[in-house]
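Pasting the structures here.
Paired with chain B in one complex and with chain C in the other, chain A is shared by the two complexes that follow.
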Partner chain A sequence: MTGYILKRLLSAIPVLFGITVIVFLIMAMIPGDPATAILGNFATPENVEKLNRDLGLGKPLVQQYFIWLSNMLSGDFGTSFALNRPVLDEVLERFNATLVLAGTAFVLCSFLGVIAGVISAANQYGAADKGITFVVLLGISIPSFFLGMMMILFFAVNLRWFPVSGMWPIYGDRTLGVLLSHLAMPATALAVVATGVIARLSRSAMLEVLRQDFIRTARAKGVHERGVIWRHALKAAMVSIIPVLGIQAGFVLSGAVYIEIVFQWPGVGRMLVDAILKRDILMVQGGVVFVAACYVLFNIAVDVAQSLLDPRIKT
Partner chain B sequence: MTAFFVLLARNRLALLGGIVLACVVFLALITPILPLADPDVTNTSNRFQPVFLDGALLGTDHLGRDLLSRVMWGTRLSLAVGFAAAIAAATIGAAIGIIAGYYGGRTDNIIMRGVDMLMAFPYILLALAIVAALGPGLFNALIAVAAVNVPFFARNIRGITVGIANKEFVDAARLAGMSNSRIILSEILPNVIPVIVIAMSTTIGWMILETAGLSFLGLGSQPPQADLGSMLGEARSALITNPHTSIVPGIMILIIVMSINLLGDGVRDALDPRLKSGALSRPMAATRVDRAETPPAASGVGLLEVKALETQFHVKNRIYRAVGGVDLHVEKGECLGIIGESGSGKSVTALSIMGLVASPPGVITGGAAYYDGEDLIGAPYRRLRDMRGRNVSYIFQDPLATLHPLYRVGDQLIEAIRAHRPIGKAEGRAKAIELLKAVRIPNAEKRINDYPHEMSGGMRQRVGIAMALANDPDIIIADEPTTALDVTVQAQVLTILDELRRSRGLAIVFITHDFGVVAQLCDRVAVMYAGRIVEEGATTDILDAPRHPYTARLMACVPELGGGKRRLEAIPGLPPVVDKLPEGCAFAERCDRVQPDCRSGGIALVRKDGRGVRCVHPVDTREAAE
Partner chain C sequence: MSLFHVTRQGLMAAGTALALTLGAFSGAHAQTPPGVLIVGQIAEPKALDPAAVTAVNDFRILMNIYDGLVRYKDGTLEVEPALATSWDISEDGTVYTFTLREGVTFHDGSAFNADAVKFNFDRMLNEDHPYHDTGPFPLAFFFSGVTSTEVVDDLTVRFTLDGPYAPFLSNLAYPTGLIVSPAAVEQHGADFGRNPSGTGPFTFGEWRSNEAVVIEANPNYWDGAPDLQAVVFRPITDANTRTAEMLAGGIDLMVEVPPVALSEFQGDTYTIHEQAGPHVWFLILNAKEGPFADVRVRQAANYAVNKEALVNEVLEGTAEVAAGPTPPAFAWAYNPDLEPYPYDPEKARALIAEAGAEGAELTFFVTEGGSGMLDPVAMGTAIQADLEAVGFDVKIETYEWNTFLGEVNPGLEGKADMAEMAWMTNDPDTLPFLALRTAAWPDQGGFNSGYYSNPEVDKLLEAARVATDQDERARLYKEMQVIVQEDAPWVFVANWKQNAVTSDKVENFALQPSFFLLLDDVVKN
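Right, the complex of A and B next:
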């Protein structure tokens, strides 16, 4: 197992490398003088010259890339001129908030999606199946930001069940209960689309599995139908569900950008949008590389989970 | 193509989606000539007018602009951008995919590595990076959304192209001296276009959502121009005071995306051949029973007695009579063989007994199966489940497919025991090892931790037998248990079954298509053809002198070791399709003794002295002996 994890980690190195190349190339598309663009309002001649020196901006692109890469590897993602703060500090702080939001949403959508899919498949063409199929269709069609806004209107403004926005109250204690009440709406709104996609896929994966011979064997043994569905069929279906969970994690992370804006959540997505609007290029660059790298590592965890489930994968 | 549209139209939801989408697109197209207010004229004294007001049907926004007009123009813009992004992504993605798939080798490798890297990003990060570099704006948002969707198309199209590039007609074009670019344009492209269109229909909803999203973030369309996303973004600050300004564009996005999704699902379903054939329907816990007549009473022979069993498969409007009235019985300690070609209904007969025929499409339409006087057909599911594995257990054909691939064999054995009696972990494990030893698996203490894929075919089938024995059943139904095994392993498995029968007094129903196996194991044998028994009797009698021409021909197909001179004769033709059985004898078409009266009326199974034969002109004993 350790060997397998090491192997997967090693195979991630070229991907991480590729990610930095892609981000670097996109940023190289910025029209005009890069130092002036990066500095924006702070583009005094001294600052421009210092930045040119730090980032090697006068040098050929390949050299620039390696300077940027080695800076990042030593933990220097540059300094945000808009915030006057090291990019990495800001990203790390914001990423925590995103992790809380996206992590909760991911757990929610994984559980609800798989359960809904299994129930749907087990009652194929029945009332539960039709109901779930309709809700799922609605869920994957509604823009999460619109859903979030409607939730605020209904649950926060009209019913006053949850606070309107933010992660913590401005005054008062930072307890888990307070966090959960702030988290409930954004996490749900964020989870809805992914729940729908996972439910759909789980349903078809279950239907595929339920026709297999080993399901008939389980029934012939006298295993209760509940055991047939939730143990035998679900375990086999998880083999095709888990990779989709990995892909959906990317969509949850993406959707978090909208939800963070709607609910004023102090996450990395909102930070990126702010940075783009303020033309804080180094912040965008650093934030994108960092989050993408975390996502790559998360997908390795997904692969490892898959190999734990399926002994046929060579470890 | 017409069939496709018929199928699509039959799906009412898809039709609804299509109609709604067509209406929205039509309205968006004619927006410029509709009598609407100018969407960009501000009138701050008239701001935030509620809906259904004279002059402004959907009210006005924070600058007093007419919302109905704005939502129509916004829809126009959102649709245009979404479609443009989809077409751009599809074109570029398909081009990349075709080049990678057609040229293969290093080109393919480098391109697909790049595509994989792009796919390693959560899509929005890439889109944000692109917008950050190019600057906010609707056209840049379009580029970003198209760019992040390129890898999806590239990967799909590459897969299809690889398949086509190796086809004969492409080789032929190459040999004819056509240039690569001509082959791509004239041979490859026409074949991938349908795939491109389908991929587009499933992603276009997404692209509309994504561009709306970027506009919502303020990175897409810039004021005063507004698509639906930026309308929502602008309305957000007035969400609590004037929710209608948010709800109007939000609902519009929902309507568009939902109708596209409905239509897309319909397209996908119409193209999926598995849905048509019903191959994706879930088999129920027990076979559906729908008997028109009261089943015949038990006559009291045998531990298990099957009476006039009829099982059908209902697929669409067709009815396949897989089992058309079968009578069987097996005594304690006896081995009954059921033999026949594939499709003769022997497995379906066996599976019907415990309600294990996949349903849908299977339905038991008549007859009974008495176990110790109790009718199992139509027994409540609880009773059936209780008896499965405990009174009657099954051994199936391919042990790799019939054992759960992700559970250790020991756990599967323990589960079989625990399905019927509560026993502790240690005790279950001990019992499982005992069972593995009973089927002579060497090193049982260790093998119990194996996964099925870690065992050989013979070992797996022994596990299958051990599992069938787990609860000391009275009857084992073995459905071609040795067919997937090689001959030496087959012999070992048969020996184990035979020993178990003798030591435990098991009744065995043994299904096979191999007369050699029947001769070795079975006391009596029933020959099935087209869902009916055509001959039955003691194995030795039938082997000595088959009376039904089919039995005789079936035996003639078995090669004899050392009997070199005899010609092996295959039976010409195929068994009849069981949805339209001919009148009279089902074998008449293939029989070399056929006479006119074979083709009329029902032919009964005539029983005499423990032999039964369903034939008007049976082979007489003297003739058969020769």
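Right, the complex of A and C next:
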């Protein structure tokens, strides 16, 4: 197993290297430069040139890339033009917020999605299956940012149950309860689509397993139906559900961009959008590389989990 | 169906738990306390160092922490004394001598004096200054004419310019001219932008990244301590979310209310504030080639665009129809006799026929957003329809803002016949000088992207820039406006009225024509 993990980690290196090249090239190719973005109306060629020089952007591209790469390898992600602070500080702080949001949403959608899928499968074509299928399809069809805005309007503006936006209140203690009240709406809005997808795929995974011989054997042995479903069938179905969860984790992470903007969640998605609009090159590059690295590592973890569950997967 | 039975119980339990949790959370967000004003800003500030920033969003905070040597008189764009009590301009307009206010200290306790003023300008302008590396200072070119700053005595400072430059005083009133504490810059270096210290009505409290900037009342303010205890600036980038926060009571003051949201704030609970500012929204016309090389076709475009409909329908009354290149907010320099081009499609068609430009194909650059651009896509589409109604064939090309600037600023030649543009300036000199003179064509580093050229306008603008007498400057600008309106290098469309909403707990708030946010007289109950 250790060898397998090591192998996977080594194979991630060229992937990460490729990501740095792609991100760097994209930022080099998109029109507009930080100096123009900073100067706006006052971006005369003369002013732009001086500011670009002050920002250290006068060097040839290849040189810029290797300076950036070697600095990054030594832990220096550079300084953001738009926020005037070290990129890594900002990314780590923001990534924490995103992890809280996306993590909660991921737990929510995995838990609810799998349960809904199992119930659907166990009651195939029954009332519960139809009800769940309807709700799930509805959830998949609503864009999360629209759902988020509707939730704000209803639960925050009209009912005043939850704060509209942000992660912490401006005043008062930072308790878990306060965090949860800020988290409830964005995490739910973010989880809805993924819940639907997971529920649909869990349902078909379960249906497939339920048709197999060992289930019939278990039933014949007199195992209680609840035990058959939750212990025997679900365990077997998890082998095909876990990769789905892994993929959905990626969707939740990228979906967080919209949700963070709607709910003003101080996460890495909102940070990247702002940075792109301001042509904050180092911030975009550093942020994307960091998020991509996390995603790659998460996928390795998913693969490892899967191989632990299913010995048929070669280690 | 024993399975479903069990699960239903589970579901009910989960539902009850959820309901309880909801109950526990309701009311968790308290109303904003009295004496503390919470402002919904449009973005996270870059830094609180006035020399290092360029965004109106950041200026809104800075104007409350710092003072300049001069400032705009309340409700106007005319300068009055601030940290300088008086000044003297030499006969030839190149030497400005300021007498400084006595007994003013920075928030960090250090004294404000002539040395501090010299430090500020040297830091920005002199590349050898030990603290020049605390930049970059993108707007330092506002003062690029300053050749030296001298300390005459403790309370007298003298600026020498490389030539007469009339906008110098209003540039000093701009945030780039705000005075920072040298001691604080020396202490914090490049981190000064996160540890600001000035002489203004509020002192810096704390900056929680992406959450809030807090400033607190300065009880020793030279111009009288503010009524508020503190102001909290919250960055809320999404306009809908900002509106929702205002409706839910999470903020007391909201700036840049989207036009469509204004109707939410009718009634006694809220006050809507409006203030026309030094802003002009226009279409640059390519006067070098294509149909707009003919002045009659440019005038026709001005007649063809229904500006009333644009400001009232598309912008929901958040702007006024522009008559010429100078916004009326520059009251002293604005020519009140100027009438906007009326909406007259018949006349437009006649002029087009006269010029033989019927059915001309036009390429129109539109941006998706950008500073001061209001609602550029909707406006662009409405303008396209107006121009097609008089027989043009208009093709829109839409670009993201930075890309758009990269296309438009180098000039429209070979690319487009017209482009949207908007400017917000602090002196009536800035925009025409940078965008209407022959010497401001893109190849010479200016923003005259439509290649307008009229030697008479050039002469007037050069003369106004070096005249030190305001009445003389005003006369020159008024004359320039008449000629430019007639020549129609642009379609003059709109002057934006900045807006803000306050809750009924906020008193004594007024927007300024400078678009700055001044909070020292505001009361929050």
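Points worth noting:
FYI, the second predicted complex is superposed on the first by the 279 of 315 C-alpha atoms of A that agree within 3 Å, B and C clash if a C-alpha of one lies under 4 Å from a C-alpha of the other, contacts with A are read in each partner's own complex, and residues count from 1 in each chain.
Going forward, a contact is a pair of C-beta atoms (placed from the backbone, for glycine too) under 8 Å apart; a residue touches a chain by one contact, two chains touch by 3 or more.
All figures in this text were calculated on a predicted structure; none of them were measured in a lab.
Judged by the touch definition given at the top, the superposed model places A:A301 against neither chain B nor chain C. Of the two partner chains, chain B is the only one touched by A:L210; chain C is not.
Once the two complexes are overlaid on the shared chain, A:L51 sits against chain C while remaining clear of chain B.
In the superposition on chain A, A:V23 makes contact with chain B only, not with chain C. Residue contacts after overlaying the shared chain place A:A122 against chain B and chain C alike.
In the superposition on chain A, contact is made by A:I281 with chain B only, not with chain C.
Of the two partner chains placed around the shared chain by superposition, neither chain B nor chain C is touched by A:L6. Of the two partner chains placed by the overlay, only chain C lies in contact with A:P266; chain B stays clear of it. Touch criterion met: A:A236 reaches chain B, while chain C stays clear of it.
Comparing the two interfaces of chain A, the one with chain B and the one with chain C have residues 30, 122, 149, 152-153, 157, 164, 225, 261-262, 277, 279 in common.
For chain C in complex with chain A, the touching residues are 1-4, 6-7, 21-22, 24-30, 32-33, 36, 38, 43-44, 46-47, 52, 54, 135-136, 138-139, 141, 193-194, 209-212, 232, 234-238, 240-241, 244-245, 247-250, 370-372, 400-403, 405-407, 409, 423-424, 434, 445-447.
Those residues of chain A that touch chain B in the complex are listed here as 14-15, 18-19, 21-23, 26-27, 29-30, 121-122, 124-125, 137-138, 140-143, 145-146, 149-150, 152-153, 157, 164, 204, 206-208, 210-225, 227-228, 232, 235-236, 239, 250-251, 253-255, 257-258, 261-262, 269, 272-273, 275-277, 279, 281, 284-285, 288, 291-292, 295-296, 299, 309-312.
Those residues of chain B whose C-beta lies close enough to touch chain A in the complex are 113-114, 116-118, 120-126, 128-134, 136, 205, 209, 212-213, 216-219, 229, 232, 236, 239-240, 243, 246-247, 250, 253-254, 257-258, 261-262, 265, 279-283, 285, 351, 354, 356, 358, 381, 385-390, 393-394, 396, 398, 401-407, 415-416, 419-420, 451, 453-454, 464, 467, 470-471.
Those residues of chain A that touch chain C in the complex are listed here as 30-33, 35-47, 51, 54-55, 82-85, 90, 93-94, 115, 119, 122-123, 126, 128, 149, 152-153, 156-157, 159-172, 177-178, 180-181, 184, 225-226, 229, 261-264, 266, 270-271, 274, 277, 279.
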